[in-house]
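Each of the next two complexes has chain A plus one more chain, namely chain B in the first and chain C in the second.
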Partner chain A sequence: MMNTWLTDIIRTTNEALFNEADLTRIMTYYASMPARLKLSEELERLEPTLVKSLQTELSKRYPDRSLYSRRFIQDIVESLRCVNRAVLADDLRLLRYRWIDHVLDVATAANIDLQEIRDAYLSLREILQSSLPRSAWETLEPAYEELLDALTRSPKTLTV
Partner chain B sequence: MASQAPLRFKGNFFADPEFFRTDVTKGVTKTPTGCRIITLPSEFLIGFRDALIYECGGSYRQIMKSTGRRWGTQFAKRLERELSSFYQTPFKELPEPIIRTCLAEAFRAHGYGHLSFATVLEHAEFVLAEVRNPLLPALIRESDRTSDLLMAGMLGAVLAHLTGKPLDAVQTECPSLGADRSRFLIGPGSVVAELEEWINEASQMPSHKAILRHLAQHNSLSNGSIAETSNTETENLVGAQAQSEEMSP
Partner chain C sequence: MICKIILQSKAPYLTPQERAEIESYLSTVKARRAALEEVRRNVGKIVERTVARIRTMYPQMARFHQNGYEKTQRDLGMITNLTANAMFLGEHETLDEMFTEWFRTIMKAVHLTPQLLKDSYGFWLDEMKAALSEESFALMRPHAEHVADYLTRIPVPARDEVGERVPVSSSHGAESWKF
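Coming up: the complex of A and B.
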């Protein structure tokens, strides 16, 4: 729950800048901040382990795929920072502009099968589900699913 | 520009809400790497172009393009610096799809329009660049010639810097002439110079297709095998053109 003093500050300093719906959204956001911050801490702590686990998992499942280089795996795990930032800001547009559109553009320009990138994220999802505390995964899940959904869609036809 | 370096996925460097950060106390806007950015309003661009036409007459076109070339070289150097640091790899050594994607992202972030590339004719070393929502053509509503000379110079210089080859660009389609986007052919400087000369000598601005056809003929001539290849080359070009149009949204 949100601190009562913060609730008071928001309500009393709100000089008709926000309507009730805005206020509810703000307070819901602040109420969920501890969970979001906890997720950030967990992801930062887990990052080195995630790289190793994902590398092992991908080489076991897809030994023939040349895309899964050490750097690629590092990039995929580091992309969780973008996902986390979008979760912290409660704004998935950040994830789309910063990460999803870029991946779609590069993959299309390089003729890479998006499914290969998606498979890496699917493997990472399994690792995350078993590594993160349940509440942290639930906080991350909507943004993560948004990312996975985008990788199933047809890439944009106009690319560079 | 092509490289054997592994493909990287580091996200859009420019897609950050604070990429252009303004210090309101100093009145200065900077990028995360400390490069100062200024806003040139439409009034400046139009005023600059009008003053050049007034002061220099017909040679204003060469001056605008030369300005674009100098701008493009500086822009490419900055991009190279910023993105090399971001990727921890020299920018020029990155795989071409990444370089092209980063260029398009930089264009969008700076408000220069929506840039995309397509290969026109592989062995002719020509690339087709398209810019939707370009700068100058949005301000110059009507013209009997292409008006985006700054961008032509800029694109040629950016690709020349990144490839280390003497490249140049010529605009073949322009919103000022009724098109829905600007199109540029980027290729070897000497061939582009000949193309420009041919375009300038024409009584009316030739169409994009006519320019491609002329380029195909030039290509066949310089290969010394007109009779055998000219038709095929022209078909290839038109085919590539059609393919490029299919790529467009």
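Coming up: the complex of A and C.
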């Protein structure tokens, strides 16, 4: 099983009782869980409509790009599940391990321009910003920006 | 609890049941935090009183194990802490992965008897119940009973190294605990 900051604390604490600093961090995380769960609900609710919305948007903006097949768009939308899981765990390492590393490997192997993938995520960001309640978007935003940021860097830089 | 569900869930998004489990746990975290602090204040007392009762019932143990009572005191303190952390987290799978199975192997290796362990953890639960508030003990109890049950399930050694067992009038209520 993959570790998060919380499992790291549990293993580091070992046979001692949790200390005050760790308990404060854990309690702060717990206090943010209702917002994270709400975001998760919203993303699940939106997912069926996002593929169609994104397909419409991409074909309007980039009519000549062959990369934007229905399957590709489906993968982009479904990658929100990995983003959601990282937000729920409050650990962006999950996003890195479960999606970012994978998408960078695939892009390198298939010689896909990362900017085209990033453009799809930028379009999806606009759709999400207009579809999600503001508080849900604010909960999602740091992880989403991490994803966009990773797509501006070269795979070699990221795997060092 | 939360970690386990988020990392182990196979569904694309959390299922209603997983979400309900998280929400149910979150509704108890303030009480769990308070119980953890109560254990922190009382762990020394719980362990000392438990070891005193073990010493009375098994007066010869030190003949077989150098510093046996002191090591028992150290181990029970560690087990109390780990159990309190498991209570705070609302799950003991992580505790078992990290500690319980490994520790049971040690108990077998030093030729302790299941009876000694049942007596010891019975005393431990008695003293924990006596030292903690009703609410805190109710939160600790399922995890403490789990640990006790796990650690007492060892075979009878071919030759035990615990010495005489002296029944005492203020005997524990091990029979009333679920292990």
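Keep this in mind: the second predicted complex is superposed on the first by the 140 of 160 C-alpha atoms of A that agree within 3 Å, B and C clash if a C-alpha of one lies under 4 Å from a C-alpha of the other, contacts with A are read in each partner's own complex, and residues count from 1 in each chain.
Here is the rule we use: a residue touches a chain if its C-beta (ideal position, glycine included) is under 8 Å from a C-beta of that chain, and two chains touch if they have at least 3 such contacts.
None of these values were measured; they are calculated from a predicted model.
Colleague: Using the superposition on chain A described above, determine whether A:65 touches chain B (first), chain C (second), both, or neither.
Modeller: neither
Colleague: Name the contact category of A:110: first (chain B only), second (chain C only), both, or neither.
Modeller: Touch partner of A:110: chain B, not chain C.
Colleague: Where does A:79 make contact in the superposed view: on chain B (first), on chain C (second), on both, or on neither?
Modeller: first
Colleague: Quick check on the superposed pair: does A:44 touch chain B, chain C, both, or neither? Answer first, second, both or neither.
Modeller: second
Colleague: For A:18, select first, second, both or neither according to whether it touches chain B, chain C, the two together, or no partner.
Modeller: Once the two structures are laid over each other on A, A:18 reaches chain C alone.
Colleague: Output check: A:27 vs chain B and chain C. Expected answer is one of first, second, both, neither. What do you get?
Modeller: second
Colleague: Need the overlap of the two footprints on chain A, from chain B and from chain C, as residue ranges.
Modeller: The overlap between the chain B and chain C interfaces on chain A comprises residues 78.
Colleague: Within the complex, which stretch of chain A touches chain B?
Modeller: Result: residues 67, 69, 71-72, 75-76, 78-79, 82, 94, 97-99, 101-103, 105-106, 109-110, 112, 117, 156-160 of chain A touch chain B.
Colleague: Considering only the defined contacts, which chain C positions touch chain A in the complex?
Modeller: 2-3, 6-8, 12-14, 19, 22-23, 26, 29, 33, 36, 39-40, 43, 78, 81-82, 84-85, 88-89, 94, 98-99
Colleague: Help me check something: in the complex, which residues belonging to chain A touch chain C?
Modeller: 1-2, 4, 6-7, 10-11, 13-18, 23, 27, 30, 33-34, 37, 40-41, 43-44, 78, 81, 84-85, 88-89
Colleague: Show which residues of chain B lie in contact with chain A when the two form their complex.
Modeller: It comes out as residues 6-12, 15-17, 95-98, 100-101, 103-105, 115-117, 246-249.
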